[in-house]
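Chain lettering (A, B, C and D) follows the sequence in which the chains are written, and residue indices restart at 1 in each chain.
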Amino acid sequence: DGDDGGPGPGAGPEPTAQADPDAPLRPDLSVAFLPKQVNNPYFTVARGGGERATAEFAGTFKEVGPSEASASSQVSYINTLTQQGTDVIAISANDPGAVCGALNSARDAGAVVVTFDSDTRAECRDLFINQATAEDVARTQVELIAGQIGGAGEIAILSATPNATNQNTWIALMEEELARPAYADIEIVAVAYGNDEDEKSFQETQGLLRSHPDLAGIVSPTTVGLAAAARYLSGSEYAGRVALTGLGTPNQLRQFVHDGTVESFALWNPADLGYLAAHAGAALASGRLTGAEGETFTAGDLGEFTVGPDGVIALGPPTVFDAATVDDYDF
Amino acid sequence: MPDPTAAPPPALRLHRVAKSFGAVTAVSDVSLTLHPGRVHALAGENGAGKSTLVRMLAGVHRPDRGTLELDGHPTVLRDPAAARAAGIAVIHQEPTLFPDLSIAENLYLSRQPTGRLGRIDRRALRAATTAQLARLGVTLDPDRPARGLSIADQQLVEIARALSLDARIFVMDEPTAALSGTEAARLAAVVRGLCDRGAAVLFISHRFEEIFGLAHDITVLRDGRHVSTDPADRLTPDTVVRRMVGRDVGALYPKTPTTPGDTVLEVTGLTRHGAFHDISFSVRRGEILALAGLVGAGRSEVVRAVFGVDRYDAGTVTVAGRPLPAGSPAAAMAAGLALVPEDRRQQGLVLQLSVERNTALTRLRRLARHGLLTTRRERADALHWTERLRVRHGGTHTPAGTLSGGNQQKIVLAKWLATEPAVLILDEPTRGIDIGTKAEVHRMMSELAARGLAIVMVSSELPEVLGMADRILVLHEGRATATLPGPGATAETVMAAATGHPGGAA
Amino acid sequence: MTRAHPRELGVLAALLLLIAGTAAANPRFLSAQSVRDLLLSAAILTVLAAGQTVVVLTRNIDLSVGSVLGLAAFGTADLLATHPGTPLPLAALAGITIGALCGALNGALISYGGVPALVITLGTLYVLRGTAHSWAAGRQINAADLPRPFLDLGTATVLGVPLLALLATAVVLAVALWLHSYRSGRELYAIGSEPAAAARAGVPAGRRVRTAFLLSGSLAGLAGVLYAARYGTVDATAGQGMELQVVAAVVVGGVAIFGGSGSVTGAALGALLLTCIGSSLAVLRVDPFWQQAVVGALILAAIGLDRLLTTRLAARAARTAPEVSRAG
Amino acid sequence: MPAEPPSGRGAAVLRRWDSALIATLLLVTLTAALAVDGFATGRNAQFLLLDAVAIGLVALPVTLIVITGEIDLSVASTLGLCSAVMGQLWVSGWPLELVVLTAVALGALLGAVNGLFVTGFGLPALAVTIGTLAAYRGLAFVVLGDRAVADFPRAWTDAVGGTALAGAVPAAMLVTAVAAAGCAVLLHATPLGRSLFAIGNNAEAARFSGIAVARTKFWLFVSCGAVSGLAGVFWTLRYASARADNGQGLELAVVAAVLLGGVSIFGGRGTLAGVCAGVLLLVTLRNALQLADVPADTLDIVTGSLLILSVLAPRALTALRRTPTTRT
């Protein structure tokens, strides 16, 4: 389905001006973060990074957003930001298409738009800050699970909602990765969807174990799913028999890493993601970047980044956490 | 008759109480004294303020002015619980039961016999209920939910509930309105028993034979004001009526003989399992057919099925030669049928809506102009009918629920008379209606019949049946037991058929 | 109420049908661990349904339970995380107290204001959820922040039966006993059956309604504590959207939505049925895109079946009524 | 469900509530215009009115349904399913005119299913529509899965977001306003409207008066479905995105607006002007508070408090005007 986040070829307004890497950063930039949903712990951490970055270039920062993840309420927040004349809008989109009209009005009114975590169609934003390339995420998780189950066995995937775009991209790439000869003995037997709800994730984990008695491992590329599956496994007869890995935050999984339910798992640092998004927005708004492929800029203490094809900047490969390193992080 | 010289102090005294609802003065300056061992009857037209007085004694309304004394002590009844605690048991005019609770719990709610650890003793509860109902000669299953009880059965449960209270003062607001003679007689016996035990009773009825049969004292109210209080033996029905109405009342059953025309309504083999079986009758223009029987005989269910609000399993209904589709009141109305149902509060009226909305409800389309309906038109129409039936109301825009019981009944009559039906079905048309208006209703029925209407009347009042009907169909346990000619029938022949012993009268 | 309970029979039939069907397709659905998981999963919903039943019987409704659960869950977890030394009973009491306060607020607004519960609790649903969010301010409390013994409560078993399930059963039995055998419990039915009659009979309706909401709130608080113990991860969204599930459980369990009839055992069966539907779909590996549609269809089927059984039984009772013999 | 005591002032209080609500709306608008930057601009007014369209449209039939004492919680799911089907048909190459008609017809069909369950089988509407809420949403996922269809023609999406009357009002709002006016006449000045109030207050008496209660309710559910389908079309074109989860959670906002508008949840009372004012008040307040950078938590708290106030205030008004003597 090419109608979601997939960057369309030749889409988007061509950069009109030339980038000037030495342009001074505009003073008093107003930066607004618009997460999928406010009060979501993941985005709270990302906001921390954004706030830190904004303080570095002496802008004003705010976070606004709906209390439940829906595209339509994001639209009304974008409209509000447009009304307020915000300079930088950093958004994690609930729907790649639905927010497009509103974002383009915002850009017409002079704002720059940076997407992070979850992209829109390429023609409605200036830059996308990719937390990790999908290939990296998929490869890391496959490596982790393969190591944990000793390179052979049945595995299952516990995803978020069936319509989560990034989840589905990762799952597809994991399947590709597993098709390589090195993983010939590993087979994905099922994909379950816990809808990012605790109870549903519990039930789906149970269902997986029930319908696949020989299951060797579960990969859950979503923080809620991973935490719920870990909690369920740790208290059930399957503890220690079924391996578990995926994407999760160190704080959520510390307990289960220490009690042996989860050997290792991966994630990027959401704070860095927010930090990078804010800096990229400032660079755009000041004319240091236009979003064209090949441009480079420095994002505070994270160092230098290069704009890739379709205006995508990658944060870097995800970090792997295990018993030795999990206590070094706090998010 | 108890000896008046040895009269103990009054059990209850109301002194110059008054009560208004907005602009409507329901009761003004009424005093009333109830003595232990005496039955005090309250008489008055519909809307005279009787039920309002009752509600004050029940703790439902608080008087605006005036005082209440119990055994000589001034008392304020803040709520129904307080009235009950003070030893006052009330039977309200409109029975209000808990449809989902069993009859036993309806009787003994909050007073259920309890056993160990305060748990309800269900066996004792059932036994007490059976005993209480037996006092009234009623055999209802104590475990049966109250939902679906006929109005009469509801009234009986309401009475049993009040009687089961260990009270010193009993207030009874038209307890017999829905009952037939048998039950009413049994209630009278129970009331006498209560008096003998020293209870004081306030008794309200529109039936004079009951009042004069029971009461020691009679108070007459008019327009919310006290008119007179006298010992019953110094009064006659005529004097009471004159004091109530302020004028003489015409004959109660002014039946004018008519020559019946063509058959309009024909019912053949009507059956509904569990309710009635193989009922057939026909009514001709100008004729009044009465359906008689004991309470619960199934009369109401027959007429409901004919009108289409209830389904039936077999049989046909034909109006003016055309078969009527089952289960459609709208079709019945289009064919010229009208049904004044027995339960005015549930079936007859939308209590929350204004009088004018209620009277218009049967003719919404006819009153509309270009599809639009205005309050002005509804009001003009409602005023016409309320004046014709002499309804006492605080304006046609007031909710129907604020009218007195009898006046509500008149609104139901009005909304159906206004449809100008060819066949008028009346289920207990004069329940709760005062004597003056009753005469009026009867006169109207005669008039309508004379103008060629066919009338089917269900009534539990034998005199009404005998006085008004051209023919009487008697039902017993869902089956027709006799068809009697109106003029020739006597109370005995009807009762014989109603109890299942037609004795060759058919 | 002393007769057989046809309303519960309907749900029970639906439940057995579902279990039999699933077990036929996958026998492991009846394994010890599986049954344990099922009971565990149903426990929280059951506790909520018990409270909701009491409220619905009085012709009211409590839509705020999901938000109350969230607030209590977060409160308890926050307390335990910031004061790790807090004795567990005290922490549980704190959660229940939060719930009780919310319930008392609902009850007071409804009974003193004389206003419809649906509107008030829809309002407090928003208000309490907003409060939980501003309290949590995006924080999440994780398993590592919670004391081990507290987390163990969520998984502990007594003689192989999950502790949480036992607790839920105890709650249901206690409420059932109260509703069935105590005067005040019967008064709840009376209030819901016909408020006007209850007023005339001198039933202290206001007090009873307040009690019902207090109970519902407290049980939602308890459910919040159980939630925190079971899932180990709590943020301000805990229990979001739960209200519709609870109402569905109660209604499926045969409690009349307009009050006056139904039983808490029926509601508990309803909760079990709903949970079972979720588990069955997971075990049967029903296409994820179909799952929600099937849940909806099964809810409809359950209430339909219940209605069918009820009317059948009523019809049979009417036909065998003593007064009138049946037509030949 | 005669839960409301027959009060002589019911209608009058309601009328006063309408005017109070409209006054509040004007006050909020005026205050926001003076105090909130960017509120009093033509563009913001456009945004605001566009935001009100979906809620406002769906609130109309829901108002009628609630006045008859029923409820429809499945409206948002119907919207979602119609949107999903619209997307699916569009990608499979149907002409858009036909797609739109099909979506509306589908909505009517879904409403008919609700109506059949409620009037045909006599099941409580709350229970039925909680079931179809899940079922329809689930079917939306079955139809469109995780896909989003976005490539609707610009001409259509622009038309939906476009303006009429010389750019003064969004065209969609104009349509909604006309529909609202039509509904108001229907409800307050036609035989059908009168019978809706009668049904809501006492369905039995309405049936005894020759009103086809079941048939009326059935058609109300059908039209509610059709309007929800229309709202789905609007939603899809407005956001240029057909998705299975479109409009999720809208049902509570709609019910909140209807109740805020003074419609009694027990049926039989309410005005359409009140509901319109309720919708606009909710949307305006949200818009103004968002512009004032009030966080989402506080928005929820304000919305909830407003709902609670909406029922408590008329009571307080009545209580002030008459001393409590009646307790029927």
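One rule holds for everything that comes next: a contact is a pair of C-beta atoms (placed from the backbone, for glycine too) under 8 Å apart; a residue touches a chain by one contact, two chains touch by 3 or more.
By chain, UniProt protein names: B = Sugar ABC transporter ATP-binding protein; C = Autoinducer 2 import system permease protein LsrC; D = Autoinducer 2 import system permease protein LsrD.
No experiment lies behind these values; they were computed from the predicted model shown.
Following the contact convention of this document, C is the list of chains adjacent to both chain B and chain D. Taking the mean Cα position of each chain as its centre, B sits at the greatest distance from chain C.
Among the pairs A-D and C-D, the greater number of C-beta contacts is found at C-D. One finds 36 Å separating the Cα centroids of chain A and chain D.
Averaged C-alpha coordinates put the centre of chain C at 29 Å from the centre of chain D. With centres taken as mean Cα positions, chain C sits 44 Å from chain B.
Taking the mean of the C-alpha atoms as each chain's centre, chain A and chain B sit 74 Å apart.
Contact of a single residue of chain A with at least two other chains is seen at positions 38-39, 67-68, 162.
The residues of chain B that reach two or more other chains are 60, 79, listed in rising order.
Residues of chain C in contact with two or more other chains: 129-130, 133, 196, 199, 256, 288-289.
Shown are all chain pairs that touch, namely A-C, A-D, B-C, B-D, C-D.
Within the complex formed with chain C, the chain A residues making contact are 38-41, 43-44, 47, 67-68, 162, 190-193, 198-200, 202-204, 206-208, 210-211, 213, 224, 227-228, 230-231, 234-237, 251-256, 258.
On the side of chain D, the complex with chain C involves touching residues 1-3, 5, 73, 117, 121-124, 126-128, 130-139, 141-142, 145, 252, 255-256, 259, 264-266, 295-301, 303-308, 310-312, 315, 327-328. By the touch criterion stated above, chain C contacts chain A in their complex at residues 26, 28-29, 31, 33-34, 37, 41, 44, 129-130, 133, 136-140, 142-145, 151, 154-155, 230-233, 235-238, 240, 278-279, 281-285, 288-289.
Chain contact summary for the complex, chain B toward chain C: residues 58-60, 79-84, 90, 92, 96-102, 105, 109-112, 114, 118-120, 122, 126, 143, 271, 273-278, 296, 298, 313-314, 477-478. Contact residues on chain C toward chain D in their complex (touch as defined above): 59, 109, 113-116, 118-120, 122-131, 133-134, 195-196, 199, 244, 247-248, 251-252, 256-258, 287-297, 299-300, 303-304, 307.
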